[in-house]
Every structure is written in C-alpha cells, then in structure tokens.
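Consider the two complexes below, in which chain A is the common component and chain B and chain C are the respective partners.
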Partner chain A sequence: MSKSRTIAQRRAIWAWLFLAVPIIYFILVRFYPTLDAFSISFTEWNIVGEKTFVGFDNYVRLWDDPVFWIVLSNTFEYLALGVPISMLLSFIIAYYLDQVRFGHGFLRACYFIPFLTTAVAMAWVWRWFYQPVPIGIINMALGQLGIVQQGFLRSTTQALPAVLAPAIWAGLGFQIIIFIAGIRAIPTSYYEAAKIDGAGAWQVLREITLPQLRPTIIFLTVISSIGFLRIFDQVYNMTQEGEGGPLNATRPLVLNIYKAAFEDFEMGMATAQTVVLFTILLIITIIQLRVLRK
Partner chain B sequence: MKQIAPKKIVIWTLLFIGAVIMMTPIIFMFSASFKFNDEIYELALISSEPTLSNYIYLFGNTEFLMWFTNSIFVALLTTLCVLFFDSLVGYTLCKFRFRGRKIIFIAILSTLMIPTEMLVIPWYILARDLGLLDSYIGLIFPGIMTGFGVFLMKQFFESVPDDYLDAARIDGISEFEIFTKIAIPMVTPALSALAIFTFLGNWTAFLWPLIVTSSAELYTIPVGLSSFSGEFQSEWEMIMTGAAVASLPTLLIFLILQRYIIRGVILGGLKE
Partner chain C sequence: MRLLIAILFTLTVAGPAAAVEIEYWQYSYKTRLDAMDKLIAQFEAENPDITVIHTDFPYAQYRTKVAASVAAGEGPDVVQLYYGWLSDYLSAEILQPLPTSEFPHSEIEDEFFPMVGNMNVKGEYYALPTAVRSLGLFWNKKLFRDAGLDPERPPQTLDELVDMAKKLTKYDRAGNIIQVGLTMGPINQDHNWWREVLVRQFGGAPYNEDTTKVTYDDKAGLKAFQYYADFVLKHNVSVVDFMDKGEIAFKAGRAAMHIDGSFVLSTFQRARRLEWGVTELPSHNAIKANFSSYWVNGITSKAVGEKKAAAEKFLKFITTNQAMQLWLDDVGELPARKAVAMRAENSDHPLYGAFIRGLDYAYTTDFYSEAAQRKTVVDMLDRIVLTGMGVAESLSIAAAEDQKIIDEGRIE
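Now for the complex of A and B:
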C-alpha cells in the first residue's frame, strides 16, 4: 500500500518535471500577453512614454471612427464572400474528384499544391496578373476576348474580391482534402441501403452524404471563417504601399491593427481592436460549436 | 470493351480544367522567372531563350540567400521545438495521473482561442524589454510550443497501451527514456502531421517576422520578398523569381513526400 503510493508520488514528480518549462512558457508567452493586450486597451500609450489609464476611451473612439467601420465591414465582406464561395467550390470539386479513378492522384495534387505556397509570394503573382495591359495576363486575355479592361486592384469595388481570390484559391486544396476524407468516412452500407431503396444520386447526396458530412462542414466553416476574418498577408502585399486601398476599400481589421500599432504607435487603439477581433472570433466559435452539438 | 459513360468524361474534363486553373499562378510564376524583362509581356509559357540570369542576380546581388537561410533555420528550429515540447506535454497529460492535470490541459487548450494578432503587440513589448527585437530568438520564441500540437499529441498517445510503458518501468528504464524510446516511436504519424503543419506555418509566416525584424539580415523569406518586391515594382520577372524561390522548398517537399503530407493534413485537420 505504502509502496504503491510512493510510486504514484514519484510519477507525479516526473509529470511536474516534464511540465515545468512548458507551464512557465504558456504563462509567459500566452496568458500574460493576453491579459496585457486587454490591459493596454484601456490606456493611451505611444509605446515609449508612460501609459495613461483612459478607461473605455479607445473603444468609444473606435465607435466614432468612420474608418474603423469601413474596416469592420470589409472584414465581414471577406468572410461573407470567402466562406460560401470556398465551401461550395471545394465541396463540388471533392464530391466529383472522389468518384474519379483515372488520374485521381494527379488531379488531387493540382488542387492541393496551392495550399503549400507562401501567401506573400502568391499575392505578388496575383498582383501581377491583375495589372492593366500590357502586363497583366487577365486583362490581356479579356482583351483577346473583346471584353473591356477591368481595374481590379485599382477599382474601389473590384479590389476586395480581387484580393480575396488568392486567399480562396490557396485554401481550397485543404478544404477539398478534408471533404474527400469526410466523404470516404461515410459507411458504404448507407449507400448500399439507398441503392436498394432505389434512391437517385441527388437524393443520396441530400439525404446521406450532406447530413453525414455535417461535422466536416461545420469544422471547415469554423476554420475558414477564422481564416478570412484574419486576412492580412494578401492585402498588405497586393495594395499600393500596403495601405489596404484604394480608399481603404480592401483594408481588413488586422491591417488596421498593424498600422495603429507599428506606424502610428497608438498601442491603446491597436490593442482595443485586437480585443474586438478576439470577441468576434469567440462569438463565431461558440455559435458554431452550439450548432455542432445540436 | 467496357463503355465509359459520357457523363464521366464530362466530369473528368471539367475537373481537369479546374486543376489547370489552380496551377496557373504557379506555372506562370515559374515561367516568368526564366524570362528576360522584355519577354514578360508575352503569354508564351516557355521563353524562346530561357535564362537563369534572374536567379543568378537574385542570389548574387540581393540578400535572398540570407533570407532563405534564415527561413530554413527559423522554420526547422521552431518545428523541432514544437515536436519535442508538444509531444512531451501531450504525453504527460495523457499518461500521468496527478492533481491539476485537467486544469493544465484545459488552460493549454484555451490558448487555441486566442488569435496571434492579439498577442503580437504584447510579444513585441516583451521582446523589446528583454532585448530580443531583431534577433533569431525574437523570431522564434512565440512559436516553440502550441496548444494545437499538445492537443493533437495527447489524442494520439491515448492509443499507446499503458502496459507497454509499465513493462518498461518494471525493466527499470527511466521515465524520460520511456517517453523518447518507447512512446514517441509509436506516434510517428502524428508527429509527422505536426511537423508538416508547423514547418509550413513557419515557412509562410509573415505578420510576426514583419513586426519583430527591422534589419534586412534577419528577414525571413516572406518579409524579404515583400520588401524586395516593393522596391522592384514593375520588374515582374525579378519578383516572380523571388516568389518562385519562396515557394520552391514546400513544393519540393510535397513532390517527394506527397502521400505523407496529404495523410498528415487529414490527420491534423480532423483532430483540430
């Protein structure tokens, strides 16, 4: 009895030994910075001088700042366009790709490879594509087809979708792979039963495949929502001087945070916006976990 | 001979067109990197006189080689740290019974909810106060342990039977050796999944390296490429060469380890 207790105790000591450095690390590099971000958001601070406590002033200033509202609406536009488009495209591709035998590996590789690219590098490739003639290949191709030249990154209305496109493109491969894995995890007996009942392909899709894929769909929706809400690399690299222009038309929350913190040195305003971002992500995650549990 | 349904041919053709569209940016990037400046305006994929001069210029006259080395160093070191620490923490939380185990696990898991963007400002201040701005340690320290990795590894250690570990204990093998020599080899698929995610994430990371580095000698490839492309505006063949260099390592790794990477992504993705 007493011996087994000492073994248990000895093992607990080992456990704490293994965990000592990680615990210090998580406190110092995750928990303390999180609290620090909240606390800075209640101050006015230019990063070198003294912090002045200002209560909720930064949040009130954000509320009254028209640029902040533009930024917020841009951020949600990335989400509102990016999630449905990428989910729909990746599901359709995965659904059919799963049925293909001939050249399956090759096709899958082509769809997946963009996921492994560096966002900054690809942002410049797409920026090149969007240039006016005689440089950009998209406008060149449009010219050949007799379609009028498009402004893309120079247009206040087209710039946001143009910046979003490479983000969707790069994430598609991941979503397709996960969808195919999800489709393949559905027990074949379900399909066989449906076949016996004489269900058509459309009916099988609606009544077996989609309901069975529910966890996959929710998982991918959460992941891609978070991704689009945090868009930064593409905007910073595809817009003039990384400003998120033209006229703030493409500037997302993270870019606004970056500029507030590291160009204007308004640390209070910057951290207040990170708290807003954190809150949005938290709400979305909670909603989606609720949906999953149902 | 079996007839192939026309519907299948249509589907295959459409999927093929989609695959070509997906590869277009990558193909054009590589194609432009072998062209001279005056050919960049031509749509022809293969130049009439392909050249390596862009690559030679890039590695000879710019700091690209240094950025490339920095990126390799940072991504590899971070990945090694993550593999070691995350599996150690995951293993301990899975295989040891002690007071506070659950709270520690929940606390680490909760860090998944905190976006990096919220942490970069406090990290910057922390790095400044510790004199780590513009240094390798400054680049690396935020990523050496991750909540995701701990969670993933803990899940996978569940499948390692306790009997194996207990047998080793009876043989008098030390706890640390049981971890490294017995437990670790049994979760290599999870480790390779974690390695893929971590390496890829660090190779492509932009925001934190952009913030923490200020001298060009310490830039990673994405930061270097971004500043380089800003300066070389309109010299698209040079920018595309830089982009190609930035993309090459992950693409090569994929071509060699394709199977493992796709399996790893599924494994990591589904456990997330």
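Now for the complex of A and C:
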C-alpha cells in the first residue's frame, strides 16, 4: 500500500478486506443459487441431464394444478393462525413472567427448552399424542371427560391446527426471550412517571409498554411470519409418509417443493415454486415493515 | 464365522495396493446391512484387487441423497433402488444399462422370476434383484383363540376374512375400536393389495396390457374398492392407520390380522410374546393373486473404466444363487432366482413358504411414480372416510389422477 493513502482510506481498505470474506460467501452460497433458481424455473431439468428451456410452462402448470392452490392456501393458513396466536401467547407469557421473581430463571428455561429440542423428535411425540384410542393420550383424556374422540391428524379440518400447535409451542421460547428483553429495555423512569400520574396497569400497558415494544414486535412478526411460511419439519414428520395428508390438508408450499425436487426430480417445477415463495415472503415482509413502522 | 470374516478382512486390507474402490449404497435396515457386509467380505476375498465401500442412509433421505450425489458425479457405483423407482431413475439418468456380455438376457429371462422383466426398458436391463418380496396375511393366534376361533385356521377366502374380522374386533364403552380385526393402511401395503389382488379377484384388472390405461374404474374395480372400504364403512372392524401403522398395531397385539410383505417377518420374529402365523392371501371367486415387489441393484452412470468393470463383477456376485440363499437365511427376503426359491426347504418353510408360493401367481405393478400412484389410493379411501364422498365418485377421481400420472410419465 502506498504511503500517499490517508489513515482513513487505509482503514476502509482493511474493513473491506475483512468484509470480503462473508460477502463472497454470501454471493456464492446465497445470492448466486437464488438467482440461479430464477433461471432454472424456466427450464425442465431432472438434476442430472441437460436443461431444456420451456419459458413459462412451469408457472402455467402450477396455475392449473389444483393441489398447488390447496398448498398455497394451507401455507397462508399456517401464517394467519401461527403468527397472531404465537405472538399473543408469547407476549402474555413474557409480560407476566417478567413480573414473577420466584423461580423466574427456571420458568424461563421451561419455556425455552422446546426451542432447543429437535423438531423431528418433538413432532413424533406429538404425532403419538394425537392418535385415537387406545394409545393417543389426548383422546384418552377426552374419553375420560366423556367427550367424543377427535380425529386430529386424521381429520381434514383439524389436521392443520394439530400440526401447527407443536410448531407454535417450539417457537414460543424464542419469542418470549425477545419480548422479555424488549420489556426490560423500556426505561423504568417512564413507569415511575406513570405511577406518579396515577395510571392503571391497563393504561400503562397500552400507553407505554406496547408502543415501546414496537421494534420488538416488528422484528418478531417478520421473523415468525417467515418461519410459518416455511413450515416443513412438523408436517413432514407428523403426517403419514411425510405426504402432508390427509387429502393434502396439511401440505405446505415447502413440502410441495421438496416433493417436486427430490421425489419427482422436477427441478423446474420445484424452483418455480421457490420463486413463488420468495415473492410471497418479499411482499409480506415489505408490507409488514411499512405497516408496523408507521 | 466372525473369525473367518476378520481373517478375510485382514487379507483384503493387506492385499495389493493397486486396488479399485467402488461404493455400494443401500438404505439403513440392520439385517440387510449385516447380510451385505457378509457378501462384501466374501466378494473381496475372491477379488483382492477390489474394495467395496458400503454406505447406508435412513430410508427417508435415501432417494434424495442418491439423486443429489450422482448428479454431482459423487456417490455410489452400485446402488440399490426400489423397482418402482426405475423410471424416475432412468429419467434422471442415474443408471446405465447392464452389458449383455456379463448379464445375458436369455439367462435373466430363464432363471429369474418373470416380474424381473420390468427391469427391461427398451431392450436393455438396468438392474437386477437379489431378493423379491410378496404379500401374506399375518394373523395373531392368541387373539383368534380369545375370540373362540381356531388359532390354526386363518381365513382362506375374502368372505371368511370379513366374518373373522368381525369376531376379532373389540370396542370400548364409547364404541371406539381398541382392537382391529384387520389393519387398514393404504399407504403401507394395502394399496398394492387393492390394486393387484382385490381388483383382479373381483374380475377386473388394474391396467391394460402395457400399463398405459387405468382399467379399474369399472364394475369390478368398484366392487373391489367397496369390499375394501367396507371394513371401515359397513363392518366397523378397522380404523385407517390404526396406532399410526398396521405393523405397529399387529406387533403390539392390537390387530388380529394384518397384510404385509415378507420383509416384516424379521420384525415380528423379534417381538416377544407375540403368537402369530402367516399364510397366503385369501382367495375370492377361486382367484388367487399376489403382489410382488423387489429391490434391485443397478450400476450408476458415474461408474466408468475399471470401476465399471469392478461394479459389474460385484453386481454379478450379489445376484448369484449363494448370495440369494444367504439373503433369505439372514434377511428373510425371497430369492429372485426360481431355482433357489423352489428348493423344498424354502418353499415348504413355515414362514417363507406362504410368500414363496405367492410368487407363483404374483403381479408386479409397472409404476410410473410409486409415491404419487400410492397417494391416489390413499386419497381415494380418505375421501370417503373423511369427507363422506361416495365410493364410485371417489374411485373415478382416483382413476383420473392415476391416468394423469401415467400420461405425464409416458411423455418423458
């Protein structure tokens, strides 16, 4: 390096040198495959042979495929149920957990453990919970209470929420920790001032806690939306042979992509669906950021 | 035996350094892995210049790994695959044809069971089985006795199957089934039982001669499907996927009868306190039918030059009579060569016998996509059980879906 450079310039060069490593990594491992997926989606390709360009054929096939529309609506159902339920639950738990002094650490650990547990193992345990009598404990409990046995995973209407429940449960620990951190970060002087002014608990929650948590809420909404839109492990492990049944009732987009790519070896169809998923994620994230930032 | 293997192994390792290394892949299943290790040790002793690396993956990831790795020019030289995946593997160009010099067509056609003909695509054989499987009816002798039935007399006909299933079902006070008469698992082996056995027994055929047209959407198919669905709809003697999987329910003594392949023999043999027998599938209208499936071994497109030669040698070795007898003794899967299967000690065997006799009248489905076509049967039953659709309507939808899969498969 020539001596004519200023210290500031030299610093910038070093900074860029260090940054180059992750940037190159991201370009090679993230951006390039993403861009490549766009081009593959216009071809017919079985992973091994030559790609043949087919234009928008894959997208037209998707449009005409009734299963794709079921899958798409399932994906949005996971999102529409998963995000509000998990956000509400985790906020309530975090709000009260923050006020608990006795056994706080232990309780927090209890909520966090599912997040650390392998999704596969957990999915299988829940799969057995949901079985009919004589082995499913939920149905056995219902039977004791004199309630009719429920289909759960063997019902076209109950299967999706049944699969979603362990997914929400598993993600709860993470959301609670972030909420608690957010709540703790609110300056105590605000609360003290409110106390002096004689504000009630509800008012404090509405006027101070929730507005102050806005960045936390934005972050969690975006992260959990992406998570629910990409749900896979639970469905793959809780449905018979990972098919997302019964009658496609639980099949999400990512599972459909996986099946197209690695069971039917139709990479074009699979990447076309990833492009759809990418677009949905992009639009939803932009909308959420706009709405919540106001 | 172990000492012998150890000695052989040491000899192989100490052998000439100019060795060819080939990779063999199969999915993880303990008895198969052990049997293959034995075969590899024998093979390496006979061919000290070849080393076989034996790799296995859980079944769930197996196909993905094979597809991805062969695509990248990595992975196995000799690969095990389910016969129903052949067309997928061919369209993915994973396999190369077997050379007629090493595997003469006349020999394959004379000595193997006829269903191996499915491995011949446009005049080339692509893979050969070590073992074949067929279906049998398992029954729990203790539950038969408890129900006042003769524990040594399983049902012989479809009508008897229904009658006995009724006597063998138990309910709790709320009317929920807590012991099924017959397991129902279309996603496991029942879809094969329905397609190749029941449809034929009711006078139909699942597909036309060259498997280009679905032919079960007719009276015979309807009767066959009605018969199958009635175990749930009318007789109330079964629950679909009871205890998650029929095999589990049977093993736990919660299912009196269960239709499954010869490959579950070892699972049930290991189950303690389970008193069971296995017999040929029940007949109907004096028609006997069975479904046969098999895993085959093929040479991947990745193997070239001396690796290809070594792979051919290895494939030849694992499809010999001796290899098949070892596979039967150790894994419990039926020999693919008639001469081995029909040895008296095999065809009269109390456990294997029923399956081997079944091979005589077995059919093999020429799948275009096994997973997708299986799903059409699973959904066909779910539509009527879960959404209350009529049997005939559901059958027609399934036939149309199946036809679509066939049509799309043929274009490729």
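Going forward, the second predicted complex is superposed on the first by the 265 of 294 C-alpha atoms of A that agree within 3 Å, B and C clash if a C-alpha of one lies under 4 Å from a C-alpha of the other, contacts with A are read in each partner's own complex, and residues count from 1 in each chain.
Just so it is clear, contacts are C-beta pairs under 8 Å (C-beta built on N, C-alpha and C of every residue); 3 or more make two chains touch, one makes a residue touch a chain.
Computed from a predicted structure; not experimentally measured.
Within the superposed three-chain model, A:Val100 lies in touch with chain B and out of touch with chain C [touch as defined at top].
When the two structures are aligned on the shared chain, A:Ile283 is found in touch with neither chain B nor chain C. In the superposed pair of complexes, A:Leu172 makes contact with chain B only, with no contact to chain C. In the superposed model, A:Pro33 makes contact with chain B only, not with chain C. When both complexes are overlaid on chain A, the residue A:Phe262 reaches chain B and chain C alike. Greater residue coverage of chain A by touch, when chain B is weighed against chain C, goes to B. In the superposition on chain A, contact of A:Ile47 is made with both chain B and chain C. When the two structures are aligned on the shared chain, A:Ile137 is found in touch with chain B, with no touch to chain C. Contact with neither chain B nor chain C is seen for A:Leu88 once the two complexes are overlaid on the shared chain.
In the superposition on chain A, A:Ser155 makes contact with chain C only, while chain B stays out of contact range.
Chain A residues in contact with chain B (one complex) as well as with chain C (other complex) are 47, 128, 134-135, 241-242, 262. By the touch criterion stated above, chain B contacts chain A in their complex at residues 11-12, 14-16, 18-20, 22-23, 25-26, 28-29, 32, 40-41, 43, 85, 88-89, 91-92, 96-99, 101, 104, 107-108, 111, 113-115, 117-126, 141-142, 144-145, 147, 175, 179, 200, 203-204, 206-207, 210-211, 221-223, 225-226, 229-230, 234, 236, 239-240, 242-244, 246-247, 250-251, 253-254, 258, 261-262, 265-266, 269-270, 272.
Residues 60, 63-64, 67-68, 70-71, 88, 91-94, 172, 174, 176, 178, 187, 239-244, 254, 301, 369, 371-372, 375, 378-379, 382-383, 386-387 of chain C touch chain A in their complex.
Within the complex formed with chain B, the chain A residues making contact are 8, 11-12, 14-16, 18-19, 21-23, 25-26, 28-34, 36-37, 40, 47, 93, 96-97, 99-100, 102-103, 105-122, 124-126, 128-129, 134-135, 137, 140, 166, 169, 172-174, 177-178, 181, 219, 223, 226, 230, 232-233, 236-237, 241-242, 254, 257-258, 261-262, 267, 270-271, 274-275, 277-278, 281-282, 285. Interface residues of chain A, counted against chain C in their complex, comprise 46-49, 127-128, 131-135, 143, 148-149, 151, 154-156, 240-243, 245-248, 259, 262-265.
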